[in-house]
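One chain, chain A, links the two complexes that follow: it is found with chain B in the first and with chain C in the second.
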Partner chain A sequence: MLTSYLAIVPEIMLIVLAAIVLVYGRHPEGDRKRAVGLFTSWGILVVLLVTIGMSFAGVPGNVPEDLWGGMFRNDGVTLVFRVMFLSAALITSLITVDVKRLQHGEYFALVLLATVGFNLMAAASDIIMIYMALETASISFYILAGFATDHRRSPEAGMKYFVYGAFASGVMLYGLSFLYGLSGGETNIYALGDALSGHIQANSPILMLAAVFVIGGFAFKVSAVPFHFWSPDVYEGAPISTTAILSTASKAAGFSIFLRLFLAGAMGAPSRDNWWVLIVVMSILSMLLGNFAAIYQTNFKRMLAYSGVAQAGYILIGLAAFSDEGASSAIFYLFMYVFTNIAAFGVLILVSNVTGSDELSDLNGLSRRSPYLALVMLFALLSLSGIPPAAGFFGKFFIFRAAIDAGYWWLALIGVLNAFVALYYYFNVIKYIYLFRSDEEDKPIPVSRASAVALGLCMVGILYLGILPQGLFNWTQSVASAFLP
Partner chain B sequence: MIPLSWYLIVAAALFCIGMYGILARRNAVAMLMAVELTLNAVNINLIAFWRYTDPSSSAGVAWAIFVFTVAAAEAAVGLALIISIYRQRESVIAEELDILKY
Partner chain C sequence: MIESGFPFLSVITISPIVAAIIMLLMPKERGTEVKVLALGTMILGLVLSAYVYFGYLGNLPPADALWADKLAFVEEYNWIPSIGFGYIAGVDGMSATLVFLTALVGLGGTLISWGITDRTREFYAFFMLLVAGVHGVFIAVDGLMLFFFYELAVLPMYVMIVIWGWKSRREYAAMKLTLYLLIGSFVSIIAFLVLYFQMDTLGVTRTFDLRVWSELQFPFETQVIWFMPMFMGFIVLAGMFPFHNWSPDGHVAAPTAVSMIHAGVLMKLGAYAAMRMGVQMLPEGTVYWMPFVIILTTINVVYGALIAMRQNDMKYMIGYSSVSHMGLVAMGFATMTLNGFVGAGIQMVSHGIMTALFFTIVGIIYDRAHSRDMTVLSGMMKPLPWAMVAFSISSLVSMGMPGFSGFIAEFPIFMGIWEGNALNFGPTPNTFLGLNPAAFYDIVALLSVLGIVLTAAYLLRAITSVFFGEYNPKEWEDMRPILPIDKVVIVLFIVCMVAIGMFPNVIAPIVESGVQPVAARVNEAMANTQNMQTVSDSAGQAVSGLIRFLSGS
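Right, the complex of A and B next:
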């Protein structure tokens, strides 16, 4: 009984924290406006430290624990993703502290509840739990995207995300209901894997249909082509800090379910004549469409949205490799993507606090205005484009190596060629920052201490993973080989 | 006893109507109703599968209860978003939500 509760201590702490923030941060006045965000950040830091501390004390241990009637699986994979999500939530709430229109308890409470949803998604080992956790995160995000009601674009982004999101979760749920029926009433994903590989041919048409629906729902979550159409609109319209966590943690949470469900064989074992082909096609299309559409964008958030579609394509290569190495490199990639993308959005928040918009031209002359912000952005862009010494290099390196080791060298080749295309638009942004001039170069952009800490954490993450990737990679590899069957 | 496939066909029809509604209706409230239709199609599926494959366990029914609970929460959030848009623009027509595009 005690182990069941110990396993969900981080989630319980997050919910308690959300309740406190919600009650005491409703209408903050004066000095208390910043206190809401700072309190949330400290709270998340405590949860993060408790999570890491408990892992040293043996929770989760070396054997996976199936708890709460098989709903919740506490193992190394859960731990890696928890650390990732909590880091993302921590950095996001730090960069949100000084954003005027988001200084409400509701905003931070919803970020915390979305994080609970992510954690549960990473731990879910039952399709009912997968659905519930997914909806916990999604419903929080519908509100987070539409939170800035005084802004014309934000409610529109919330509405679009809601309609598409509800549609996608309906489609996915319809697919899951068929998995439930075909397996003869199993809901646990490992039991599903056994039932579906034993009794039904992996390529029976109804199972294929169910798999296509389920994959469609997840592709929506991670914004892979052809279910990416929401992401440019929502990323552009939503408040920047919502976009920061939506583009990183939400994508990673989608992949955490992808990994567990597929590697458990819950839709039948992969082969060249079933859904495995879909993943490869989605991966290639996402890379192509994301990279080529990003070239034409003039809005920075929109550009990063298409870049995010392309990044989902790279990560899908790791999944398509269908090996421990592929899974672990996908987790590594998601980890470094959290630091990288939130760094880019963090700089953008500070810039757009001053300029009031988020176009690429707002970054003109940033290197003369605020050289340190320019440096953070430079490293974020280097990491996104995969150039050492930033973390993105090893992210891409591990993914492509996994694909080659699994025998899909052509997939790795398409990935490498796409990375060259991506160089163009990432370097285009660097051109705005370092070469273009603006009239306001003598006015530095104010950076609060909370934002400085957040961006510092991102920089440490980017450089540490870029110079010494072995620590994290060994960890992801050991959990992937031990816990992802 | 009515064969299982009949229920699945009803559910599939309901699901298709819902999908059509989401894709074709212009009014945001009608789109919300269409979303509810797809979720109810899933519920029929779940209950039918539960009754015909595994009536001794409660997973299917419990799941259906979760689904309509979530559907209610989703409808609440969706209506709230529709209201916040209506306050700005005096309109709930989806085609007029066009500030954000390429």
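Right, the complex of A and C next:
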């Protein structure tokens, strides 16, 4: 019994923290406005340290543990993703401390609840639990996206996300119910595969239909083509802090389920005439559409939204490789993507705090207004485009290597070519920052200590993973085997 | 093989990067301190690389040793063992020479930009990064590390041209340059990674260590497919036809010091990397493609010189002249003979110093006369006698006058082509388009010698119109004499060119030692893939006999 409770200590702590923040942060005035965010950040830091500390103490151990009636699986994968989500939440809330519009207890409490949802998504090993966790995270995000009620676009973004998101969840639930029926009443994903293989062919139309529905739901979460259409609008309208975490942790959480469900064999082994083809096609389309659409954007958030679509395409390559190596490189990629993308959005938060908008032209002369922010953005862009010494290079390298080792060299080639297309628009941003002048370049952009620390963390993460990727990669490789039953 | 406890090569490469970081941390007003720091770093680099160069020269490895055994000053650290990536630095004869050249031109560039006032700190910081990138490529014995430094060398060029370049063309030129070079290097890196992932089919653990690569034999088909992407991707940076177009624009738009580094060493970077990664790693592909490549290089040499004749802007003229002369380097590779490789190696050094000097002079004249137009300038000998002397000497080097480095460089290349004429691949050569070297290398030799005549023509024309003729003191009222610091640079470069010309022994043996493994691999590949026949090529033998007679051997 004790192990069951120990396994969910981080989630319990997050919920307690959310409750405290909710009460403590009600109608903050004066000095207390910043204190809400700072308190949340310290709280998340404690949870993060406890999580890491517990892993050293042997929770989770080397052997995966199925707890709470098979709903919750505590293993290495859960741990890696927990660390990833908590880092994302920590950095985002640190940067949000100084955003006036968002200095409310509710905002931070919702971020915490969404993080609980993410953690549970990474740990879920039962289709019912998957759905519950997904909704916990999603419902929090519907509100987070519409939080800035004084802006016309923010509630619109929240509403859009809600309508599409609810529909996508519904479709996915429908697909999951097929699985339940086909397997003869099985809900545990590790048992599903065995149960299905007794009843039904891996390429039967009805299983394909279930796969299409389920993949559709997840593709929506990770914004892969053709379910990406919501992301530019929502990213653009939502407060930037929300976008930062939506584009990283939320995407990573989607992938954690994606990986678990498919690698556990819940839908049978991959082959050229079942769901595997869908994933490959989605991956290629995401890369192509994401990169080419990003070229034409003038709004930085929309550009990053399309870039995020393309990044989802790269990660799907890791999934399509369908191997230990593929899974571990996908996790590595997600990890470095969290630091990279939050760094880019974090800089944008500080810039748009001053300029009031988030167009690319707002970045004009940034290197003169704040050399520090320009440097962080430079590293974020280098990492996104995959240029050493930033982390993105090894992220892509590991993914492509996994694909080649699995025999899909053509998929890797498409990925590489796409990475070159992407260079164009990432470098374009560097031009805005370092070359273009603006009328306001003598007005410096204030960077508070909290934001400076958060962005510093991102930069350390990007450089550390770019120069010494071996440590994290070994870790992800050792946990990736836990995906398999 | 020289072992040493002190990491010479790493210090040479990393010290400019450290200097750049220190510069960026210094306050903006400290312009002088920044310059002194840059000068100190460059002098340190020059001293250390001179030690490396002369250390290697005095201790040459045996001629027939493997490449891996010829490397000296090796430093090796594991970095990411699971993918076979390590920090491995080392030099052979060729790269030791080029490291020395880079240090020399870097010092010259630092001195010549002493008068810069616009954002001094950033200028020198980027300049240091550029130098570090170039050094890094030359010392890299790990493929991934080579690519990393290659990008590091290319990217600062963009910033330097855009911010400090010639106002009317800089954005266009910088973008053009960056696009050409980045696309080139991406094509190469794709080829490189494809080969990397094929290594396990050869029964070798995947690694980026070039010492392992230098003994690999990829299947013939693989080599044929991937040689051109690898070679062409890099040789773009050496201004190879038909991808030479970025280079004159880049030269013209760049500030003087950047033009010097650019023409002086950056273009060598392309040639060096093309030789190291293309020719050495894929010798059978080399044999398949080189008879075709030599046609491109011939166009390079002749066409480049013809365009140079048409220019009125001195910088454009030098830029096209660079294209023409770098064509000779690639032509040296394409002869597939040891002499050709040696000539190409020496030509890299000779051209590096010569062009750096050319750009120095043009920069000096432009600073004072505010024009580079040869139809406007006239009688510059009067106010700037030093410039005239230096320009004339560079021109003599450029024309390949005996007694200067140009001769030592170009003569072996032409000799190599004649020797190449004796390579008969039989009636059905296993080469692109079935080209047989024996059939047309003599024509190539004749045409490329024409390039020298054209060089003489356009350079003498430039000297006549710019330095001689009437000098009108009223038109150039604000003419200043040459600074002592400029004289130091001029003397430094001239001494090097004369020293190489007079005492070829200071460079020929070390370069030869460096290119021997490459040539040996190409020869071996030739024997493997071609049905070699010896036919008497009387015309070729007569000419090469004549050349031997004239050269007294």
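Just so we're on the same page, the second predicted complex is superposed on the first by the 481 of 485 C-alpha atoms of A that agree within 3 Å, B and C clash if a C-alpha of one lies under 4 Å from a C-alpha of the other, contacts with A are read in each partner's own complex, and residues count from 1 in each chain.
By definition in this document, a residue touches a chain if its C-beta (ideal position, glycine included) is under 8 Å from a C-beta of that chain, and two chains touch if they have at least 3 such contacts.
Source: prediction; values computed, not measured.
Looking at the shared chain after the overlay, A:Arg401 reaches chain C, while chain B stays out of its contact range. If you count the residues of chain A touched by chain B and by chain C, you find the higher number for B.
When the shared chain is aligned, no partner comes close enough to touch A:Phe436: not chain B, not chain C.
Of the two partner chains, chain B is the only one touched by A:Gly170; chain C is not. Within the superposed three-chain model, A:Phe229 lies out of touch with both chain B and chain C [touch as defined at top]. Of the two partner chains, neither chain B nor chain C is touched by A:Trp42. Contact with neither chain B nor chain C is seen for A:Trp68 once the two complexes are overlaid on the shared chain. Shared contact residues of chain A with chain B and chain C: none.
On the side of chain A, the complex with chain C involves touching residues 387-389, 394, 397, 400-401, 404, 409, 413, 416, 420, 423, 434-435, 469-470, 473-474. Contacts from chain C toward chain A in the complex involve residues 79-83, 148, 151, 159, 162-163, 182-183, 186, 190, 193-194, 197. Of all residues in chain A, only 128, 131-132, 135, 139, 142-143, 146, 149, 152-153, 155-160, 162-163, 166-167, 170-171, 173-174, 177-178, 180-181, 184-185, 187, 232-233, 236-237 touch chain B in the complex they form. Chain B meets chain A in the complex at residues 15, 18-19, 22, 28, 31-32, 35, 38-39, 41-42, 45-46, 48-50, 53-54, 57, 59-60, 62-63, 66-67, 70, 73-74, 77-78, 80-82, 84-85, 87-88, 94, 97, 99-102.
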